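Chain nomenclature is as follows: A, B, C, D, E and F, assigned in order of appearance, with residue numbering initiated at 1 for each chain independently.
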Amino acid sequence: MLRIIFLLSLLFALSNASVQDFCVANLKRAETPAGYPCIRPIHVKASDFVFSLGTPGNTTNIISAAVTPGFVAQFPALNGLGISTARLDLAPKGVIPMHTHPGASEVLFVLDGSITAGFISSANSVYVQTLKPGQVMVFPQGLLHFQINAGKTPAAAFVTFSSASPGLQILDFALFANTLSTELVSATTFLPPATVKTLKGSHRFISLAKTKSKHSP
Amino acid sequence: MLRIIFLLSLLFALSNASVQDFCVANLKRAETPAGYPCIRPIHVKASDFVFSLGTPGNTTNIISAAVTPGFVAQFPALNGLGISTARLDLAPKGVIPMHTHPGASEVLFVLDGSITAGFISSANSVYVQTLKPGQVMVFPQGLLHFQINAGKTPAAAFVTFSSASPGLQILDFALFANTLSTELVSATTFLPPATVKTLKGSHRFISLAKTKSKHSP
Amino acid sequence: MLRIIFLLSLLFALSNASVQDFCVANLKRAETPAGYPCIRPIHVKASDFVFSLGTPGNTTNIISAAVTPGFVAQFPALNGLGISTARLDLAPKGVIPMHTHPGASEVLFVLDGSITAGFISSANSVYVQTLKPGQVMVFPQGLLHFQINAGKTPAAAFVTFSSASPGLQILDFALFANTLSTELVSATTFLPPATVKTLKGSHRFISLAKTKSKHSP
Amino acid sequence: MLRIIFLLSLLFALSNASVQDFCVANLKRAETPAGYPCIRPIHVKASDFVFSLGTPGNTTNIISAAVTPGFVAQFPALNGLGISTARLDLAPKGVIPMHTHPGASEVLFVLDGSITAGFISSANSVYVQTLKPGQVMVFPQGLLHFQINAGKTPAAAFVTFSSASPGLQILDFALFANTLSTELVSATTFLPPATVKTLKGSHRFISLAKTKSKHSP
Amino acid sequence: MLRIIFLLSLLFALSNASVQDFCVANLKRAETPAGYPCIRPIHVKASDFVFSLGTPGNTTNIISAAVTPGFVAQFPALNGLGISTARLDLAPKGVIPMHTHPGASEVLFVLDGSITAGFISSANSVYVQTLKPGQVMVFPQGLLHFQINAGKTPAAAFVTFSSASPGLQILDFALFANTLSTELVSATTFLPPATVKTLKGSHRFISLAKTKSKHSP
Amino acid sequence: MLRIIFLLSLLFALSNASVQDFCVANLKRAETPAGYPCIRPIHVKASDFVFSLGTPGNTTNIISAAVTPGFVAQFPALNGLGISTARLDLAPKGVIPMHTHPGASEVLFVLDGSITAGFISSANSVYVQTLKPGQVMVFPQGLLHFQINAGKTPAAAFVTFSSASPGLQILDFALFANTLSTELVSATTFLPPATVKTLKGSHRFISLAKTKSKHSP
């Protein structure tokens, strides 16, 4: 009997103090530098802590590859926990092009197939390895890296990041798929203007496609 | 005269920049991973920085002990300052049962009486000491620990944590006082199902008591 | 020609500044609160960034399960990168017993089979889910959690942590497999002394085995 | 063609995940311990990342000096980026009086003239240097420091801080320009009460000036 | 039997991974920005986690007060745990003079007597309170603050800090007890040179005393 | 007299506790994830806190530009203080090519001339501005950015970073000036192999030059 009294009083006394175990993101509220405001613990369900990366992404595209992110924006329970996830799928000849994550280190675990992965350090050294299923590779924060299917069968990997919101800057997009002028790209990369124009060419369709979709009824 | 002009202009120029000295929590607003939104400095009073832990907690209960927390939820001025407080009271034979603070290290200062305290490390080593008034013991973050009255008189301690919201997971509650099934508890702890059922028994009264209090007029 | 002069001079000027991209641990040196001292970048090889978790752990044991860690102590390239890895293997009826990681949140990705996993919050709520291959579950830092094989076939999972050195405190070990006396365990957990003694019994063989191995030629 | 499909789908998939590249402060919303809530990226303009410190501050005042801050409150794009700026201007004989930044280290770059700068450590050592244009001095977090024009011409400096909201506590203000009683100031600083009263005297005009401006039509 | 095999193998596999539970400082080794290198866990004793602040400091001095620190330098188990301790003793009329902790917030718990404590914010607001035994006050990081015995009996307090190495800058020492010239002190504080000289006078004996003690046989 | 006794005893009691005000790097010792070990405070001189960026870098090179870093490797007093510096010089038509700092945000202050600077976000938006002397621009951590002389006269800037060791990855070097094969560069960037070969061509001289210098007497 006394035990119950104790338990009840202690539970009530502490109920507010333990919210910070987790902070499932309320994505409708404005983000802060530390992440999103939390939804109230009473509205959190066990299933909020589960996310599915079981379905391979669609690799029927120019890079024969797909990235399926499980960052805080897709998996709100990660908010404030300093970790996030993604799935990579690479058809034969598939490539996850050169990119960086400005805010996180990455660990990659090969699920299927064979993947050649590499990164380049600030000191301009190259670290490339070909990985088999069950092998893990780590990519330090903010450095350029890539993954390529090294075999003749589909490859897949599960990746995690040391931040709930690691960011993703794909080099090809950053240089050729936005409003940065050919002149500036060429001047800052030493690429010939003609090459820049060609690469920007295919990307120009994007804004076109976007614009069209705006105007289509 | 010129001094005043300087002072006034500088004070106005900087008045917004200095808010982050402190950030007294607005507990009515949704928490973020870094804590609560701040109330405006103009509404902060000197007394907001003071909290009372002078009254011993009620130890007339099954554990003959009481924890009185001064976490951010009770003491909003701690918000964002990376520190919080509590008071422990232990009647003779009193026990603060095995527990962890998932988000903070703890420092305990014995006020009165004699306390046997200990923690267990990840490497499964045991660190137990019996403390007198004026002695301090530190408990590293996230490890199981406990405090027991080691004397025949009441004991008390002032404790602080390296987080404004350290959390508190009491082992006995976590295993026996919620919806976790006897089967799962037994399977994951190697405790005999009969023992688990007995311990869950007393806790079953809690939900009962809660339910009752809802229905009582 | 001038380009080369530029490149050379810039490379030399900056070569020291970029060490902190990564800091592969020198495990022979004393650790610090932020991790191990780094080995010199010139001694770092691409293969240092790769670790193998492809081989299932040996599950021929009392829990029918195995944990294969890839923490900084096994995978030194993780030092300072805020992330680490492990592999879980669960034979049918296998159990990863109730445990905490004092220093990290955890993400679990199911590779094979079906796993029932759960954690208990500071507010004493229970979050349990049964997961299929490709599903991910996140366990917030420092909270008690467990994994059980939910199917009739072997199950496996790849897990990552938000720290290079997450720690691992297994409840069963912490309570029953060390020098903590039956009296203290019973007093702080409310378990009957007889139950504690029985559970400590099997563990007593450990120190025996350890002692023997010291004396064996 | 396929490339475009890929690009579009990837862009849409990731658009929410990349907000945390930056978090331009919404100064109208309540601050949190980690900074202000972000304005939506769609409303962020290139010019938001630019701030002007090109105009010398007005040094026609008692200290013959001016501080022009570019903290998060003036330059909202700094929110969450862990860095901020200011400009110092010192007429001949100008002095930035003894002060601290409670939340940041400081780097000072001399633009014009000659500046004698110094700080005092916790161990009570004094580090004073006279700097010329192009020289940089670093002041560790939270320590008392000052800058004085060491020449006969105007001096200026650009300073940055290791926090978006470094705070600024000017010793003279803290002791003499607020409601702290002469008795308390004298008791805690060992300054003679008469000296304290004299120094508080000139500051008393501040509240007067403030009060007046409230009442003036 | 199988249980033992499991336990032994798991214990050995993980023994290195769990060092970071704690990192007791090896004070003989060079510090790093994150603290001291750790001593090996095998050399850590339970008593290393205990420190005594039970003996009042000697208050027979000019300020009728004493500070007894339990920082990482005195209490090495605090290394890396983000928390530290101290004891304050104030005889009647005792004063802990105006000071800052550049690297930590502080929580003060009054043990005996009555203490008037206060701090001054960056925005130049004053927060002063008179505290009784059992009351707690928090002082935000880096701000000037003080404690004075408010009663006619001895007063004492237990304080903790949100850093293992909070630092301590005493205003009176910083201005008057080192090599900073009267000219610089006066110019940067607006104190009359005569006052500065008087206050420096008593401090000049320090170097004298120090010098003497070097030469005395 | 009593004052002196107090001062001496307090100074000695605290002398070890205050080291962490600063931690001037001992560059001869192995780095840790948090920076270098500190040199002993007794060996630290006031001039250690000063660094010179007053001399323009040599812009007689292919990019007509120069970066002069003042990172922890060049300016050891920055160790652990979370801030560092550099100077940019751009002759007419000078370019600081596209690059990232994996570990820091950057603030740029224009000293002379006119600079067009820009960065690209994870969401692939472009933020470009042309800056005049006295203007400041901030570049969020880890994102591709560049600076170009926008005028006909030399330009210069003082830059600071939110880390003592921000790193620097120059895109042109990372892609073309190391052992990364033409095949991998082309596959991961979509650049035509011929273009890659041409750009790698000029860089091939680097290793040649390096090799030569090794063999030259």
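Following the convention adopted for this analysis, a residue touches a chain if its C-beta (ideal position, glycine included) is under 8 Å from a C-beta of that chain, and two chains touch if they have at least 3 such contacts.
The shown structure was predicted, so the numbers you read here are calculated from the model rather than taken from an experiment.
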{"item": "Partner chains that chain B and chain C have in common", "value": "A, E"}
{"item": "Chain whose average C-alpha position is farthest from chain A's own", "value": "E"}
{"item": "Angular offset of chain A relative to chain D [C-alpha, multiple of 5 degrees]", "value": "120"}
{"item": "Interface composition of copies chain B and chain D: same or different, split at half", "value": "different"}
{"item": "Rounded Å distance, chain D centre to chain E centre (Cα mean)", "value": "27"}
{"item": "Geometric centre distance via CA averages, chain C-chain A, whole Å", "value": "23"}
{"item": "Separation of chain B from chain F, taking each centre as the mean of its C-alpha atoms, in whole Å", "value": "44"}
{"item": "Where chain C touches two or more other chains, by residue", "value": "11, 14, 17-19, 21, 29, 32-34, 102-103, 118, 121-122, 124-126, 128, 140-143, 167-168, 170, 173, 177"}
{"item": "Inter-chain touch pairs (all)", "value": "A-B, A-C, A-D, A-F, B-C, B-D, B-E, C-E, C-F, D-E, D-F, E-F"}
{"item": "Interfacial residue positions of chain B with respect to chain A in the complex", "value": "27, 29-34, 58, 60-63, 66-69, 71-74, 102-103, 163, 165-168, 170, 173, 177, 202-203, 205-206, 209-210"}
{"item": "Chain F residues within the chain E interface of the complex", "value": "2-11, 13-14, 16-21, 23, 26, 29, 32-40, 79-80"}
{"item": "Touch list for chain F against partner chain D, complex", "value": "11, 14-15, 17-19, 21-22, 41, 46-47, 49-55, 70, 75, 77-78, 81-85, 87, 105-107, 109, 111, 118-119, 121-129, 131-143, 158, 160-162"}
{"item": "Residue ranges of chain D touching chain E (in the complex, touch as defined)", "value": "95, 97-98, 100-103, 116, 118, 120-122, 124-126, 128, 140-144, 146, 148, 167-180, 184, 187-192, 195, 199"}
